[in-house]
Each structure stands twice: as structure tokens, then as C-alpha cells.
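Chain naming follows the written order as A, B, C and D, and within any one chain the residues start at number 1.
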Amino acid sequence: MKRLKLGMVGGGQGAFIGAVHRIAARLDAKWTLTAGALSSDPKRAAASAADLGIAADRAYSSYSDMAKAEAARPDGIDAVAIVTPNHMHAGPVIAFLNAGIHVICDKPLTTTQKDADAIKAATQTSKAKFFLTHNYTGYPLMRQAREMIARGDLGRLRVVQAEYAQDWLTEDIQNKQADWRTDPKRSGAGAIGDIGTHVYNLLTFVSGLKTDALSAELHSFVDGRQVDDNAHILLRFKGGARGMIWASQVAVGCENNLTLRIYGDKGSIEWDHVNPNQMRFTKFGTPTQILTRGGAGLGVGADRWTRLPPGHPEGYLEGFANLYSDAAKAIIGSHHDDLLPGIDAAMDGMWFISACQKSSAQDTAWVFK
Amino acid sequence: MKRLKLGMVGGGQGAFIGAVHRIAARLDAKWTLTAGALSSDPKRAAASAADLGIAADRAYSSYSDMAKAEAARPDGIDAVAIVTPNHMHAGPVIAFLNAGIHVICDKPLTTTQKDADAIKAATQTSKAKFFLTHNYTGYPLMRQAREMIARGDLGRLRVVQAEYAQDWLTEDIQNKQADWRTDPKRSGAGAIGDIGTHVYNLLTFVSGLKTDALSAELHSFVDGRQVDDNAHILLRFKGGARGMIWASQVAVGCENNLTLRIYGDKGSIEWDHVNPNQMRFTKFGTPTQILTRGGAGLGVGADRWTRLPPGHPEGYLEGFANLYSDAAKAIIGSHHDDLLPGIDAAMDGMWFISACQKSSAQDTAWVFK
Amino acid sequence: MKRLKLGMVGGGQGAFIGAVHRIAARLDAKWTLTAGALSSDPKRAAASAADLGIAADRAYSSYSDMAKAEAARPDGIDAVAIVTPNHMHAGPVIAFLNAGIHVICDKPLTTTQKDADAIKAATQTSKAKFFLTHNYTGYPLMRQAREMIARGDLGRLRVVQAEYAQDWLTEDIQNKQADWRTDPKRSGAGAIGDIGTHVYNLLTFVSGLKTDALSAELHSFVDGRQVDDNAHILLRFKGGARGMIWASQVAVGCENNLTLRIYGDKGSIEWDHVNPNQMRFTKFGTPTQILTRGGAGLGVGADRWTRLPPGHPEGYLEGFANLYSDAAKAIIGSHHDDLLPGIDAAMDGMWFISACQKSSAQDTAWVFK
Amino acid sequence: MKRLKLGMVGGGQGAFIGAVHRIAARLDAKWTLTAGALSSDPKRAAASAADLGIAADRAYSSYSDMAKAEAARPDGIDAVAIVTPNHMHAGPVIAFLNAGIHVICDKPLTTTQKDADAIKAATQTSKAKFFLTHNYTGYPLMRQAREMIARGDLGRLRVVQAEYAQDWLTEDIQNKQADWRTDPKRSGAGAIGDIGTHVYNLLTFVSGLKTDALSAELHSFVDGRQVDDNAHILLRFKGGARGMIWASQVAVGCENNLTLRIYGDKGSIEWDHVNPNQMRFTKFGTPTQILTRGGAGLGVGADRWTRLPPGHPEGYLEGFANLYSDAAKAIIGSHHDDLLPGIDAAMDGMWFISACQKSSAQDTAWVFK
């Protein structure tokens, strides 16, 4: 297929997630980075664009100028990646949607319900597509697990145990990454927003379960920190399944430990992001099997989203790239976008954050959906 | 040291935990099984005793007869192991305590608060010692972890994640082991009693934390089952630490998965019963270390409770045997019994069960201690 | 069954392997330690016996006196465990065999071919049984693997990779354990005798393969050490399979790492002694399965040699105990002893040691059997 | 930095390794694929080029035409990737070197010593650089290990255990990948060429050891197969260290299992490609540490070749990309190319293949270097 043209808002020099989006877009040669409003500071915007090989006339310092100009060009961008801090998502997302340009937005959707509602409204009136990069859903084995659960391999689901544990906020550090994430105005939430939404999204994506209610105990262990750095969450799902989430950024020794375990009455899966190329699968009463990305016995599932033979590890960037490549295919119409997180997943994530905060403020009272 | 004489109540032919107690007592050659009321059925009691090499005149079919007779003999037993089903602990425990014979009782203490209070009263008036076999505390690395935490290696504790997951009650089975465990009259509780008390005891033993309150969601996933088979529990500890317990007997693929993870502001430990000879230890900001039973870098700690050089796996029976051997030493006075779970741990376990049931009945309301 | 009476030669105070034999004998309550020549020093022999609860009149300081006296007693021992250093096996083994008393001998058989031949001759003229404690064959999953291979689950065998790596002789240490093991007169060989014979025995036991020839590169990495501390060995088996053994006592970070991997044209097994309760099994073209001791899908195999439900770890002592318990059953005639290593395995081990030394002395020339 | 222009010879539609090279070149945005002789069939060459976005006038069907034309253009390619089957490396490598164009060649160098010598001669007369893609050297932790060994963290090296095991040639399959690899004319060798050279290169790269001699046992387990599918190799290194390589393509259950373990007199490292983001490191007498890519305690080493924070898995493509990105930096002169395998590593690999074949033909005689 012909490469699509990608724009980017945010992600200037020194940004982490912007660089990840760019590699993910590049990996499968389905996108060319063509335009950008990489910084609101004009000098930094221009310098960042030059670094990235963006032509000077496609380097903007205002996302609204960019949306207008790109929409007007015959060779305008096909889609834009929004990689600003959370509290600055709504403006550009709505501007590009209104300009008819597809949007690929980093998660979580935004920091306020008002902004979220405005984005949702924009998706409903725009012909453009909207994608949210819950990238962990891009791992082939997570899509494999979703398929196995949907076809009944695990039977009726009973229990979901999900965790996302890091330790980089164990102490009171100051740096570009930490600063906005621990500022409630810019992040909207702490661990539950930054990583909790990921694991909540992943468990709903893989299990197919619908949340009924949650009860959350949020805590901040570092003196003076204004957002949660540890969260314990109980979940009740429609149909009777139960679940538990632990999200922490103060779990010493955990670099980026995302795990998902799902138990049904006939089988279970267990997956650990430390080695995303393997997943345990047990049919009740038989030995546990080690399913591998691309390996024996997986059926057609995971093979569709993999570049390498089994035993050649793919990782975080490849999983992220699956979202970009699928988005490209969805945009040109060669592929359904049913696996890609969109506005519904985004709104569910917003509910998750606010419900956690509400429950915790009310001494872990159950908050219904 | 000279071998002590052990009696046993319960544990006749076909019993599981009685056989485990006998091996544990035998392993270090500190005990000789000398007397028993192995069954309330006289024929079965006699046959079981003969199988085990107990002299006919020391084979009883009534524990109260046994307590009286053994107390009266100049060569009477030094201690008795109580391995009857939970609802039948109180009678023999009290009888032997009143007879001045040391008691080693299987967990949990009993099934009613009334029985528990009566046992506690008996321990207070008896000169005999009382031990409860929370055997997982006997693993050398769990004692090592306790020592490390007590001396501050992990700093101030923040988060405890504890799990005990099995799958043997995934379906509605009927057998000797399952029948009494799923009968509320005989067991008093389901997963929270059978395995939940173990993991709760272990986390308090290792962490040294004092519980402030808990919130529990108990559930029974198998139709018609009258006790809980899955429990999600939030914990608040005095001093501000938070914790989570998951106990399940319907977790397909989990044979007997007990894990304990404890995070402080300076370090963490992670232990998984699947291989109890290893424990992960991380000081914040340095690489994770693999501590091994008897291995390099452990200090004097774990070496005291180990029979083999590092790399020669010890397991469940050896951990259990540490309780029996320490109990023998405590009885002859050569050793303090501060590591052995006693009446306080037993009463704490009773509180845990009742608090879980009360909280769950009140829609996960917090129950304070 | 009634307990058998066990004698012991060697294993006095401070000995390692003697204590292991005693626990193994005790674990399943099939043996009572009744007599001993625990040391050639009369005082130490008597003190050691008293420690172990052996009656004074059954405590000997000469194995030949013991053999005679015990054979003459109506309540004489049923079998004797020989746990002296390697170069002192032959004397007591032959004495007890000639006295008609069953022998359980520690490995390797002895240090010279002459001694080995003499022992073999004694086994042929004695009615008593002879067992060699290659204890790793006692692990339930190793017996399971043997059964699977024998019935063709792996197809025709092709490749065997076997390792036994330790690090305790990394430096030039002096202690009771190290001293005789690194003295060629007392040990007869270094790593190949102490651990190489174990792994060679285990691979032949499990695979059922017959050795055709071997090529060995022995090396001693510590200055002044007179025996090998590292061995690389190539194996050719009858029928065309190939194999490799690495045995080392200078492999830093390896506590006692015995691994066995066997590949056939239809399947493979991989086992690692670090967690002996699990084994990987792969049928070609299907996902790898994790077989567990006592777990799902094992058929009757491993269940026969296990005391605990799956998920309750058994270890080194339990595997060792399986040899003692099977020997007891073989002696009373309730059980075939076909799984127990006997004189043939012992002589094969002697060939292994001498072939390695011969090959290495001839620049790794192939030595045929 | 400005992107360099890359050409490619081989790698047309359906090729595996060509696609890998292209992703590796693209990942860090240091290369643009600009020209290609992707197939010797003109139609297929043109179609493949069009698929990849190569302009029609830069799509060649002859590598010699391509070398001439690109050398003549002012905007000619900076370097060319040679991804043809092994027996077709020499022609294009020499043509481009002679044309002054840098060469990035897939491994092994070629299939005959004559071709290898000719390539070496061409590197000596050309000003262009030559790189061989032993991509496993690109893993950050392998470079970290090299640095640690070079600075003495492991002390004096003693033993190297290296393995590369696959199972995809367990049976006699026919497909594009298998056909040329099992044809001695096109591949030059079997497992020792395809994967043996990788693991041999990796162990010399990481250890810094110089080979003194090797002894090899090659075998072909599949009826009718004309090249080796299993190799057992003993190694002697200058200075006295010893090593062992096992390379197999018939090891059922092994997808792509490359492991490297290196033991010195002060420490050891163990690395397993199944999870390339972790490496075990043990200082003698202290607990084993888990070093992670980008994680705590690594010093500056591995951080230079990593895109993501610790805990975000990087894999095969990222390691491969490190070679391409370092090559780009070496070409523009911003970076030394001392970590990049070049003609010396390539010739060493040729020696390895021929020495293995010679040794095996002479019943594992030692072949000196």
C-alpha cells in the first residue's frame, strides 16, 4: 500500500511518547511523518521539525493553524497523532476532527469530563476516525487471548486479576516525565490515569466483560504528592465475574510490570508483559501450555500481527506499531477497525478514572456504571 | 537431643493432613509417634494405629480418654497433634491443654468464635504450650524475609500483595477432602478459612504489620456451593500501609500458588511458593537479587532452618518440619518459640475469617479490628 | 509394612551425605536406624551412635565386626548404608554382601577398577541385593520422563544435553567436603566422579540409551588442584543418537544446577533441578506443556512416588527417600527393583570415569565401550 | 542527522531476511531505502521495488549495473545491503566495494574460502566500509556483557557455554526458507552456517576470547538431508579457557533459543534470547543479580543502544537496528565502528565453518587456527 501522511501535535525534542509514536508509525512503512506542531514554542517547533525531516512549510507552532492548513492542502496529512500532555488533548483532537482529519490520540483521553464530552461530540459530527493508543492491545498474544475468550476456550469467565506496577515514582523525583504526571492539573490523575487506564482497557479488551461497578482505594505514599501513586480496585462485571486491579508507581523492583490473568470455568490465560511473546493457557484438568507469538497451536489469530518467526522476540514498539498499521488499513478501508480502541474505550477510561476517584473519596463505596 | 513423644488426634487412614504432620514430625528425628486417637471409630482407630506402629495400649478412640491416660503415664506423650476437621479442634485442644500436654493444632483454630474463646481461655490457664501449624512460616526464606523487614532492609512498608490460588474446586467435586471443606458446618468458611488464613497469617508474620481494617468481597462461583470459593480482600494496616489478598479455589491452572510481595520505600521482596527456595530482593535503584535458601548473601538468617546446601531443593515437608522441630526445642527449653504461630496468630485468623464474612455480608464495608 | 532395620558405615558427626541418607531412610517410616560403624575412631563412633539413638551394643568402630555381629543376630539389620568416602566403599560393601546383608551404597561405586570388579564379584555370589544411590533417579518427574520415552512419546531419540554445574570449588578452599573430593587418592576423580557420574547415570536412566563411545576434555582451573573441576564430554549412543555433558564445579552462580534435555524426532523433555517439580514436554508442532509432579495429564507415572498434592513442592530429600522406600519394598519382595540403580549402573559409572580420564589423556580421543 | 540512502541486493517479494534488514534500517530513521536489485528476474525486481516505494529508475535487475549506476549518480546510495542466499554474496559485495559503496552484508560471509578471500581482498583495496550483520551483537545486554568482561567484572575467563537451538528442520520440509538452507551448494553448510556462525560470533564478541582450536561432531538426523542439522563443538581458547557450542535445528520445542553463559574466576553472566531484556550476573560469593536493559546498576553501557525505558521490551528488530544505526554513524564519521562485526569477524566465521567440517570429517580431530 501507498504510505499515508502523518502529522503530529506535541512530541518535540526531549519528549518520550512522541518518539514512540513516530517509531511505531515508521516500523511497517505505512506512514510518512509529513507535518507537525511539535511545540507551542515557535523556535522549538521549527527545530524539532527540522530534526525529524519535516519540511519547513509543514512545521507549525499552532495546532489550529495546522489543522486548517493541512485540511486545505491537496497533499494534506491523512491523520494526526496527538501526543501532548493529557490536559492538552481536547483542543487539537477537536480541531482536527472538525477539519476532517483522522486522529490518533495518546491515552488517557483527557483530564476532565467536560473535555471528554466535547471530544465525543466532535467524533459524532466528524467523518474522520478517532483512535486512542492503548498500545498494549496491539500485542499479538493479547489479541489471541481475546479471540480465544470470545470463542469460549475459557468457558464462562469468573475472575480477572490485572496489575500494572512500576517503581519510578518511589521517591519524590523531578523531571520532565514526572512533573506533569504528578501535577493534577496537567494529568488529571496519578497512577490510575497513567497506567491504571491501560490495564483497565486491556482487561476489558481481552475479556470482553462489561463493568458493572468498582470500588477503589487510592493512596499517595510520597509526602506532598498530590495524585495517587498506588491504587487497589475491586471490580464487578455484568454476568457475575469479579476482578481486581492493582496499579502502582511505588512498587520497588517493578520496572513496567503489566500482568493479566483471566480465569473461566473451563480454562485460563496468564500473560506477563516482562516477556510479551509468551502466554500461559490452561484447559482445566490438563497441563498448562506455553503459547508463543507465532508459535505452534495458535491458529490464525496472532499470526496476523507479527513480523518475525516464533522465537524472535517482538516487543513494545512492535505492539504499538500494530495500532498504527491497523489504523492505516482502516483509513484506506482495507481492514475493519474493530480491534482498535476508539471513542468508546476512551470514554470508558474516563469513567474508570472518575469512578476510582469518587469511590476512594467515599471510603471505597461502590460506584456503578 | 532425646526424641520427644508425640500423640495425634485425627489423621486416621485416608487423611491427608495427618500424614503430613507425621512426616514433618519424623523428618528431623525429634519426635516419635507414640499414641493416637486417630479416629472416633474404634476399629478404624485401632487399625490406623497399628499401621503407624503405635502400641495397642496407646491407641485410643476417644481423645478425652487419651488426654487423661497419657497425662497419668510416667512415659506419657510430650505433645499432641490435633488434625481433625476444623469444627472438631476445640474439644481435644482444650482437653489436652487442661491435662498439661502441649498442643500442636492444625489451622484454622476452629469454626466458631465461642470455641476460639474457650481455647484461648484454656491456653491462659494451662502451663502447656499451644502451636498452630501455619506451616508456610516455616520456609527458611519467609523467616529470612521477616528478619530483613524487621531490621529495615525494605524501609517503611507501603504495599503488600498476597495471593493463594488453587483450582481443585473449579467444579462441583465430591471427595473426602472436598466434602468437609465445602460444608459450612464442618469448615466454618470456604477459601478464606482453608487458604485465606494461611496467606493472611504469612503476610502478618513476614511483614510484622498490624491490621487496622479489611474490606472483603467473597463469592461462590459453583452452583449450590455453600461457602466462598473466591475472595478479594483489601487491607489497611496501622501506620498507613495498604494490602490486597486474593484467595481462590477456582483459579484454573493454579495448583497451589501462594505468593507474597512486600514493598517498602527502600526495597521489596517477592516470593512464589512454586519454587520456595528462591526469593527476589530489590533495593531501590539497584538490580534485583535472587536470594536462595542457604545461598550467598543471606547472613545467618535462613541457614538455621535448612538441612541441605543451596541448590538442593527443600520443599513443603521441610518447611512444615521446621515448625515441629522448633516446637520440640521450645518444649525442652533450648530455643525461644517466638517464630512459632501460637494462640495470638490463631485468634487473629479467627478475626480474619469473621471480618471477611461480615464485610462481605455488608457489601464490602470496612470492618475494623 | 513393618519397618526394616538399617545399619550405616560412615556418616559420623559432621558428615554431609550420611545425614542425608538417614533423613531419606526416615522420611517414609520404612526404616529404623539400628546399628552403625559411623567412624573408625572408636570414641567418635560411639558418640555419633549415641547422638542418633543407636543402642551402645549396636555401635561398632569396625565395619567387619559389624557385618559379622549383625549377620549373627536374630534381630540383625536388614540392610546397611555405606556412606564413607569413595575409596573406602569396597571393603564394607564386600563385607556386608558376603555376610548376606543388603547394601545401599553411595555413589560413585569406588575409585579403582580393581575394587569395582571385586564388588561386582561379591554381588554375584551374594544373595543380598546391592543398590547405588543415584538419587536424582528418584525424582518423580525423571521416572515419568523415563516412562514417556520408553513408550515412545518422544519418538526416536536424537540428542541429549545434560549438565551438572556447581560453583563451590571456584576457589581453592579447604574443608571436610572439599578435602577428600579434591584428593585423587580418596575421590578417584574430580567433577566427573562427584557430579559427572550422577548426570551420566541420570541421562542413561531416563533416555534408556546405550553408550557407544565418549570423548572427554577434562580440565582443572584452580592452580594446584589435582583433579578435574570442569569436564566437557561428547557422547555417541548406539542407534545414532548424540549427546553432550558439561560437568563443572567452577561455574560461578550455579549452586547445584542439574539439567537434562532430551530431543527425539517427535517430542522432547526439558528438566531443571532448580525446580524439580516441573518438566517441559513438547510434542513437535504443538505448544510446550508444563508437566508438574502429581499434576494433570501425567497418567499413573509420577503419582506412585509422591507424598503431596501438586503444587506442594517436594525436593531433594523426597527424591532420595524414594530410593530408600523402593529398596525397602524390593527387599521384602513387594515391589520390583527395576527402577533402582544397581551393580550394572555402578559399573557403567566406573567405565564413565575411566573413559573420561583415558580420553582426556589422549587429547579427547574417542573411547569405545 | 540527515538520512543516508540505502540500496538492497536480494530481498524481493517473499524473502524473510530482506524484510528484516529493511525494518532495521527504518527503525531509527537513519536510512531511506532508495535503490534495489531485489531480484535477478527483471519483472519481479521491478514489482518488488514498486512495492517498497523505490523509484523505477533506481530499480535494477543486475547488481553490477546497480553498482555502476549508483556510483555514478551524484545522489547515489551511501551503502548497500546484500541479502541474497549465501552462495551469491561474493559477486555483489565485491562489485559495490569496488564501486566505493559501503556494504552491509548478511551472514555468513559466503560459501567458499575462495569467495571469502576475494571479498577480503576487495575490502583491503576499497575505501568503503564492510559490515556483516551478526545482529545478536546488537542487543544492548550483549554489549553490556562485553564491556563488563573487558573491564574485568568476571575476572579471568574459564568456561563458555553457548547454544543455538531451533526445531524448524525437525522433519524434511520443503519451502523457500528450508530449500536453500539445506542445499549445500547454496548454503555451504547447515546448522553450523545458518546459526552456528551466529553463536560463535556472539561468544567471541562478548568474551573477547581468541580461539585456539576446535573439535566438532556434525550430524544430520533427517534422512536424505545433505547438510548438518546438529553440531556439538568443543573449543579451546588462547589463555586456557574452554568452551562448548551446541547448534541444532532439530531440537523439538526450541523456537530460536540462543543462550550464552560465560564463567570467570570472579563472576559470570548468563543470557537467554527468549527474553533478551534480562541477563543474570553473579559475582562469586554474592547473590545473582538480574540486570535489565536500561535498568538499574548498568552504568552507561547498555543505555546507549536503547530506545525505551526499562521494562518496555525491545527485541530482535531493535537489536538488528542497532547495527544499522551504528553503521550509519560510522559512515558519517560520528562514531567508531569498533562494535560492528566487519571483515575479521566474517573471516573468523568462515574459519569456523570449515574447521567444523574438517574436524567432523576427521572424527572430531582438533583443528587449530
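Simple rule for what comes next: contacts are C-beta pairs under 8 Å (C-beta built on N, C-alpha and C of every residue); 3 or more make two chains touch, one makes a residue touch a chain.
Source: prediction; values computed, not measured.
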Interface sides of chain C and chain D: same vs different residues, half threshold: same
Interface with more contacting C-beta pairs, comparing B-D to A-D: A-D
CA centroid of chain B to CA centroid of chain D, Å: 55
Between chain C and chain D, centroid-to-centroid distance (C-alpha), Å: 43
For chain A paired with chain D, centre-to-centre distance based on mean C-alpha positions, whole Å: 35
Residues of chain C touching at least two other chains: 254, 280, 288, 292, 295
Complex contact set, residues of chain A against chain C: 280-281, 285-292, 295-298
Footprint of chain B on chain C - complex, ascending: 3, 16, 19-20, 22-23, 26-29, 52-53, 166, 168, 254-257, 273-278, 292, 295, 307-318
Chain A partner contacts - residues on chain B that touch it in the complex: 154, 158-159, 161, 163, 167, 170-171, 215, 217, 219, 221, 230, 232, 234, 236, 240, 242, 244, 246, 248, 250-254, 263-268, 270, 280, 282-284, 288, 363-364, 366
